[in-house]
Amino acid sequence: MSSSNVQSDNSLLSRLDRAVLRVEAALNLIGGATILLLVLMAVWNVIGRKLFNAPVPGYVDWTSQFMILFAFLGLSYCQREGGHIRMDIVVMRLRGRTLWFAELLSVLFMLILTTGLIYGSWHHFLRSFDWDMALFSRDSSIDIGLPLWPAKLIVPLALSLLWVRLVLQVWGYARGLRQGGDAPVAVPLPEDPMEQASREAETVSGHDKG
Amino acid sequence: TEWNVSVWGQRRAFTEHIHYLADAVSEATNGAFTMNISYGGLSNNRENLDGISIGAFEMAQFCAGYHPDKNRAITVLELPFMDVRNLDEEVAVSHAVYDHPAVAEEMAQWNARMLMTSPMPQYNLVGTGEPRDEVAEMDGMRVRATGGLGELFSSVGGVPTSVTSSEAYNAMESGVVDTVAFAQHAHLSFRTIDIADWWTENLNPGTVNCPVVVNIDAYEALTDEERAVLDAAVDDAIDYYLENYGELLARWDEVRGRARGRARHDRRGAAGAARRGRGPDPRRLDRGNERRRPARAGALRSCGRHPAGGAFGQLSPGAS
Amino acid sequence: MDQFIDMRALLDGVDIFTVSLWLCGLLLIMVLIGVRVAFAAAFVGIVGLCIFFMQRQGFDRGLVTALKLAGQVPHSKSSGYALSLIPTFIVIGYLAYYAGLTRTLFEAAKRWVGWVPGGLGVATVFATAGFAAVSGASVATSAVFARIAIPEMLRLNYNKAFAAGVVAAGGTLASLIPPSAILVIYAIIVEESVGKLLLAGFVPGFVSALIYAGLVIGLAKWKKDLGPPVTGYTWGERFAALPGALPIMFVIFIIIFSIYYRGEDGAWATPTEAGALGAFVVLVMALWKGMKWGELKGALMEAAKLTAMIFAMIWGVLIFVRFLGYAQLPDVFAGFIGGLEYSPYLVLLAILLVYVILGMFMDAIGMLILTLPVTFPAIIALNGGPDVTREASAFGMTAEECAIWFGIIVVKMAELCLITPPIGLNCFVVAGVAKDSKLPITVQDVFRGATPFFAADVATVAVLIAFPGIVLWLPSLI
């Protein structure tokens, strides 16, 4: 697993960062486990259909529901680790306060966006949810009629965790901007391509076998 | 006034009445009331009701079976064995149901108002291998059919198999499924008919019901003249749709004729071919052991009128 | 309430199409200053939707409508069944490494083709092509082979830039030869059959590998100091190396068998399911080889993180695309391209040139997702529209064939950007892995070594354009 490029110390911010990280990492692992789960379900579907003429009922419906887990549970973890793609050709050349200002601006954009998306995706959930209906459902899948609200609820929840993460990063970069220096805590530090690549390489640096 | 209209896929027989409506309205108001019809640009097909509800566009088409819990009331129109024999009847039946207060009330929860239907003929099976022309032969049949249709086939021993509609051709060609249930235009566009050894013509297992709705606020914000023009254009639009869909069914007969010829010459012997093109009679599923009646080509287009009342007294939610 | 009315007056008469052009510019600036691409695209998309709806509904209602509309996209676009393959393809690459599939593959390739000029380079090309048949991601493939092939080449005094370049370029084959995450993404965006696109990549992938191999042989003949052939293996040793490559053959066999074998009762699986079957077999092999819980967990954490990143790209950009749908920018651009008087091949070439330039700075997936909503309808219009017949079309193919053909070409272009400076992910990764080897290899070295392969890729694209049959033959069989 890649070592992350986030500094820590004993400050409140850094302790909060690590506390939130524990939640993020656990959710990310669940997301990863869902990938395996879907692989197993596909195998069950094929074997069941072929050998027992009994495919998984509503296989496509179930897959679509579970996909939301691996699409969103790692969202905030990815941001913590600086994993979302960006073009760092300009950022790479910045140093010190200029850099922290650029980063602060960048996460502020993200924070505004995420706030808006939480509102929007929460209403998307609300439209599919109804206390008075069977299974609380007001929107269901095409084949076996699975209620859609649980999957729709995952999205605003995952975005809310991302929101918390972004607030911490705003705090972190603002501190970097005020204090100056090269390595504020609780934010992913920009890496030059070589560092980035060697971290990438570590992901396959287990034992060589075979 | 400018309306955005959300539909999906590509322009096809299934959306022609909307284009007709847009042209008619624009013409009657000298361009004061226009509609932009967007194929997938404004919304996903399963979220058109959501879009209407939040006011993202003013008019949209959707299918009840895509999300039964959103529109329980009209799923009654998708029930099997309703004996709706042609598109004219489908229109009459649909609009009668749309006028029911329970439907209007449910649609109002989405800020939507029913405008017209997009009538679809009854679904039919196309399949590979020996024709399944007895109910007993459907035992163990892997069929691509979703929702209530799938339940129907499983009640006679069929195995509903979950593949997406875009995978349907490949799944049937490779034998992952034995049969696929679609309306004719979908069999044509997904090309399942091209590889079929046999098909049914009057199975009557139900269909999907796909209304066109308008946003209530937008509808009420129209001037009286615009609203009158819109309402008046509906009947003509439906007539145009029916005429156009009739041409499509003629093409269906033609493609099917080709497939029949190919099946006879390329696949198996003449003995097998003799039974091709005959589907199970709904009456068999429906009424037990009455003698099987040979299906007639063109049965879908027969124009007998059918009283469109009675059955719609009780609106039972959850056809699927 | 007053300022809301002002808002409407302010926006009144602002043409939404002009706004969309300005917002494309804003997006470019945000991406340049380092805002994460997915979020920059979503942000600009929401701004656009706000302007659109505020014009029509006033400030507060317009804002609410825009946010609710954008808020549908993440769930709606992430639950499309065909996308379920993406994480499978990512995780399979990690697992294949732990299943020990890479070293044995390289060893077998070395013994069988090492005797030609530049032998280890050719072996690397074929080993990466073989590994591509189980791995769906280019960067991972390069990383894996950098650890195995480069030290061996350096030991035999291969030119270090060349050794690094061949690994960086070989990795790009993983995205053409199925399984491939990027081909799935293309298929989703243009709404084309995933199975057909994956099949379509097969032959071009191998053509591409052959062109690479030919290039290596040519280079080795021309510059004698590039690296020696590896001779002296007996046929016995060659056959002895094959069992090591068997597991990978087995995975490929499982995938192909399950799609194509027709028994009494039809095929085993759809192409989508076959991808999952392959992943399952590799997982079992990795566990069989003694993959530890820590390693499995590490692989899952990485795969989940990458998956979240890719899905964020997809829904983020699709929020922007939703706005473009309201502004009708793709329609207008397609109309413009379709109405051009120039030769369609010239226009195609111009579009590909734009991809080369974008590709110098951008990530492959990001580039495709950002540009396709505009370029794809334009290409279809250029060919003659969605209903065109072969005879009447510009490129001599139906719209569906055009979509598949353009997909393979554009994915090849996107792979190009992995080996072009200044931002070329494969080259960074190779340099990062190789920094521990006995000769220091800098990023510049890798880029220099990869340059001839850039030329080879241009040749490949030219071949694919000249002979579309290479792309279209295999998918036409299903």
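Letters A, B and C name the chains as they come in the text, with residue numbers starting at 1 for each one.
Following the convention adopted for this analysis, contacts are C-beta pairs under 8 Å (C-beta built on N, C-alpha and C of every residue); 3 or more make two chains touch, one makes a residue touch a chain.
Computed from a predicted model, the values in this text were never measured in an experiment.
A.B. asks: Building nodes from the protein chains and edges from chain pairs that touch, which of line, ring, star, complete or other describes the result?
C.D. replies: Its topology is that of a complete graph.
A.B. asks: Could you quickly compare B-C and A-C and let me know which has more C-beta contacts?
C.D. replies: Counting C-beta pairs in contact for B-C and A-C gives the edge to A-C.
A.B. asks: Could you work out how far the Cα centre of chain A sits from that of chain B, in whole Å?
C.D. replies: Computed value for the inter-centroid distance: 40 Å.
A.B. asks: Where the CA atoms of chain B average out and where those of chain C average out, how many Å apart are those spots?
C.D. replies: 38
A.B. asks: Centroid from C-alpha atoms only, then distance chain A to chain C, rounded to Å. What do you get?
C.D. replies: Here the centre of chain C sits 22 Å away from the centre of chain A.
A.B. asks: Would you give the residues of chain B that are in contact with at least 2 other chains, written as numbers and ranges?
C.D. replies: 46, 50, 54, 163-164, 176
A.B. asks: Note the residues in chain C that touch 2 or more other chains, in rising order.
C.D. replies: Counting only residues that touch two or more other chains, chain C contributes 68-69, 72, 76, 81, 265, 268-269, 272.
A.B. asks: Which parts of chain A, given as residue numbers and ranges, touch two or more other chains?
C.D. replies: In chain A, the residues touching two or more other chains are 45, 60, 123-124.
A.B. asks: Across the complex, what residues on chain A touch chain C?
C.D. replies: Going by the criterion above, the answer is residues 1-2, 25, 28-29, 31-33, 35-36, 38-40, 42-43, 45-46, 50, 60, 63-65, 67-68, 70-75, 77-79, 81, 83-91, 102-103, 105-106, 109-110, 112-114, 116-124, 151-152, 155, 159, 193-201, 203-206, 208-210.
A.B. asks: Given the complex with chain B, which residues does chain A contribute to the contact?
C.D. replies: 45, 49, 53-61, 123-124, 127, 133, 137-145, 147-148
A.B. asks: Which part of chain B faces chain C closely enough to touch in the complex?
C.D. replies: Touching chain C from chain B are residues 4, 10, 36, 38, 40-44, 46-47, 50-51, 54-56, 163-164, 166-167, 170-171, 173-178.
A.B. asks: Spell out the residues on chain B that touch chain A in their complex, using ranges where they run on.
C.D. replies: Per the touch definition, chain B meets chain A at residues 46, 50, 53-54, 65-70, 140, 142, 146-147, 150, 159-164, 176, 320.
A.B. asks: Of all residues in chain C, which touch chain B in the complex?
C.D. replies: It is residues 53, 57, 61, 64-65, 68-69, 72, 76-77, 81-82, 191, 193, 195, 259-260, 262, 265-272, 322, 324-326, 328, 330, 386, 478 of chain C that touch chain B.
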